[in-house]
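Order as written gives the chain letters A, B, C, D and E; numbering starts at 1 within each chain.
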């Protein structure tokens, strides 16, 4: 369970990323967050595992405050949260396999991991995760020699290999072809259903959102403007989530050129 | 393309303040330079300039080949220097790694205190004169190569530490975030996301330091360590330019060789 | 390698070196030698033969390190110039046993005389066409000197000036240069009106500036400066002091040994010496320490 | 996820690690050989560790009264370091661009350029001093020239290696818009490398203040001579004062350099 | 006109990016390239303006070989080709405006540009380009303070400001929301039609491809497997472009988990 209590986030340069968010995400939900580019989707997601410190409020993971957590405690909460990054965040100079294995480090002793001594099991787990996103054959390639989509898939494999209880995915399929997209989304859905893993995904594709989500959250300018089961997310609602902004923009005289 | 409606473009924020800052920096810099140049005496070229520099260059381009062989000649001297530098550089590189991380600013923490101490220690090592360091080690282990190794090893930490720390500060924070998100502890984050990024820099600084140690003759000359330091210094003192020439040639060859090898390594790693 | 001996030959317990297993010698070649070589091996061989124990000779470019090494028992024998020796002795780090001998210097052209001496001189050099004729004329002039610990490059000349009623710091404008050759060059260049150097440092720059002897003149020389000392650590047993003294003297007397020390170190032999020979240094010390 | 069995698909075999082992072995051998050649002995150091402290003890307390005597030479040193470093930095810029192989892809220019840079770095300070004193006489001018050359060696070498490590993306973008070499440099290299350059220049400035020895060699005064004479008299409390004074200056520079870098990074 | 003549590209690590490509793209076409992730789409695009050197063959731009071009000549060809990068390639430390203005440098003298003295006109052009992608308000923000989609839009604005004759866009809308996507694609289409600018876009979205393209090229493992007008690109054909691979994969036992 993830709970946002009056959460706000202001960036050091004054931009308000989140404004007074209150949300409760139950275990096993498959949530898709939609919103305009710059609406605060990534900010929201990254607040959950505290990659961003929030400015106000509190976030609870399974009834424990991650906002207040420290040290080992914080690390253990994070270990149980897998994250797929919008910008992949791979170590470009390391091999694909090493990047994926890095998702496993929190399970082992420091000494073991710094010498790269992962149990055979972990290596298999990593290779399997790569296999699921169709790039097992690139396991020993340096990550900077991959195409954009391949890099994204490594980032997905890393999160899968982590065997977390919550998965946060920031536009996990942006650079993928329809086929791989389907495969990845199916996979996320499958682990969500079979293992009851809470999944929160930022997505730009309305149809995919509808297809996979159990609940949709709409963000606009850092505020929750829609929150409901997928059935309630009608075309009309989507237009609201995005359109509100559009109208404002048009009022200010932009976008005229685009028609 | 439609005419731009002015209100949509954000006024550059804080531009006034930034302008002020810039002007301030410029004024301060100007003041410093005026002060600095004011103390410089007039510029003049001596009449003996041509004669002496010609004599020096003439000597240097006629190397004293007799100095090359022999137990106290160039080749053995270079080998000694090389051995001392290898060991000294290795010691400093290993010791510097924790220093580098220690002194690097952590963006996520207001760790000025911690970082500040790290920087202070490095600065202190840097200002500590080589001679004094040399004396300290001579008192412990006697004059000779080992004292040279220790003095070089410790002295190099000051410079390497600073460079390492800056390299650590300049990394891409994305991969670091990814590791933090998996629940990795600090050391694991370091090994899996920071180290691969900074390693090329570390290696290249270490090789640079190695090269500096090879040609930094003074400390080895002081320490009675064998090596090429003392002969070079004496040759310079007695204006024995052919001797200087042959020693320089040896050092240049050695340094170029190191440069070639280090270039090869860097290409492999970067 | 000196590793085994320095491990046992040190430590805080002041010991009688009856059991001296290895002799560690260190020296800085003096700049007024004809050849300036960083050669340790020839001396090592000669001493080994005389003493019958392993000898480790090393060369440094700095007196300070030798004295400190002697103070902490890392070096047994050091070659020290007079000023450095006096300081070392007062610090309890060295006792003189010998002084080296050289041929004197011909004041005309700086060539060696055939007289063996255990001292050398410092000189005041000015341009040939300069109207400075005596030390008194130096009042208000600029002068190139060496570091304040240099015997010939500062201490003795300061004493000579004092005798002439001048204070080197307040009546002249001293510029510190590194190396006696640099002093000569600064006079040639007209950067300073005069320079103090050992006698006759002009030989060092003669290669670069062949007419140096025609273009400059020496207006005065100083009192005698004792030659390089050979000093040992104070806690060395008298027996060993004697052995070492004899060894060096023998080397100087043996034609083969002489050949080597002459060629490599410009030494012509060694004579016994005692600390009181250096009281003059202590007299002059006051000019250096301010 | 119960997939700990080996993946069905054939995974490529891991690349051979032989090269790594070989490199490690070579380094190890070099270290062992060096250890022997230098006659190093950790035991020696361990046994005599108390000797190391004695000198430090001699240095305390520092001779505070001496401070006022060294302010003047310290300022003089800073003065020359400012000018020398500035000239060095200016000269370094073209050198960097010639040497960095992602800026200048013509090997027959970059290799000679690097060789010249190597040469510059190899010239001993004593030799530089001898030549410059012969040309310009004693004083600040030869000191400034010597520091300039010395600075080029450090700044150019460090910066060009950093330039070779910068993010390629923006470089590509500028190539794609058809920028000429200067524009390409101004818009993709400089913004990425400026922070490095500034920090190396400031670092070199600091080195130059410490490298006062060079200035002593050319009769330019500076703090180096004071080190020499105090060491000559075994006056360690004064040496300590000198160290503290230098440390203060260096810390100020360090502080400024951090502030500047923060603005640029 | 862009012409590929027997073009192949092998990466230094041995991966074959392109295999014997022969293509002619006429002036004014709007081409969408589709294919699985890793098929070679980016490689193809980046060969056109010679960001990648090809290993074999020749590429002609308006009947001049770019493969043989040098110096000023090459630069002028490149000036006329705008590129939108898959990984944005912004100078993170520079402001948004400076990044966009950097697209204009080839039009001005060296001296002027390196001192940043762009004519007022250019600055307006740049601001307009930013306006078109809805981020004029971020003009003076440092690029590393932008959201993923915002960075992508800066990269688009830079290419727009370049006023090129050919635009190459590598997945230009991957990180954008539907609204901005529509705006950007409309914009590309508009300049394609009104100014006759040849446009080559890599895309993963079949419906968008159909909607905007005049011609679709399908790539698979470095080879052209489909090339035809948009009408011919039936669902069946798409399945071929992607599916061929899928079947192979399945034969090898992958993807089973995804169903």
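Brief remarks on what is shown
One rule holds for everything that comes next: a contact is a pair of C-beta atoms (placed from the backbone, for glycine too) under 8 Å apart; a residue touches a chain by one contact, two chains touch by 3 or more.
Each chain and its UniProt protein: A, E = Phosphonate transport system ATP-binding protein; B, D = Phosphonate transport system permease protein.
The structure displayed is predicted, hence computed values, not measured ones.
Between chain B and chain D, the least number of touch steps comes to 1. The chains in contact with chain B as well as with chain E are A, D. Of all chains, the one whose Cα centroid sits at the greatest distance from that of chain A is C. Computed centre separation for the pair chain A/chain B is 43 angstrom, with centres defined by C-alpha atoms.
Remark: chain C and chain E have CA centroids separated by 78 Å (rounded to whole angstrom). One simple way to say how far apart two chains are is to compare their mean CA positions; for chain B and chain C this gives 35 Å. Looking at chain A, residues 13, 87, 131, 254, 257 sit in touch with two or more other chains. Contact of a single residue of chain C with at least two other chains is seen at positions 1-3, 6, 10, 64, 68, 72, 185, 189-190, 208. Residues of chain D in contact with at least two other chains: 8-9, 39-41, 44, 48, 51, 54-55, 130, 134, 137, 139, 195, 231, 265.
On the side of chain A, the complex with chain E involves touching residues 11, 13, 15, 34-39, 42, 86-87, 131-132, 134-135, 141, 145-150, 152-153, 170-171, 174-183, 186-187, 190, 204-206, 242-243, 245-246, 249, 254-255, 257-259.
Residues 1, 3-9, 11-12, 14-15 of chain D are the ones touching chain A in the complex. Chain contact summary for the complex, chain D toward chain B: residues 30-31, 33-35, 37-41, 44-45, 48-49, 51-52, 54-56, 76, 78-80, 82-83, 86, 114-115, 118-119, 121-127, 130-131, 134-137, 139-141, 144, 157-158, 161-162, 164-165, 195-196, 199, 203, 206-207, 210, 213, 227, 231, 239, 243, 246-247, 250-251, 254, 258, 261, 263, 265.
Residues 21, 32-33, 35-37, 39-41, 43-46, 48-49, 52-53, 56, 79-80, 82-84, 86-87, 90, 105, 119-120, 123-124, 126-129, 131-132, 135-137, 139-142, 144-146, 148-150, 159, 162-163, 166, 169-170, 200-201, 204-205, 208, 211, 215, 217-218, 232-233, 236-237, 239, 244, 248, 251-252, 255-256, 259, 266, 270 of chain B are the ones that touch chain D when the two sit in their complex. Remark: chain D residues 8-10, 167, 169-170, 172-180, 182-183, 185-188, 191-192, 195, 264-265 touch chain E in the complex.
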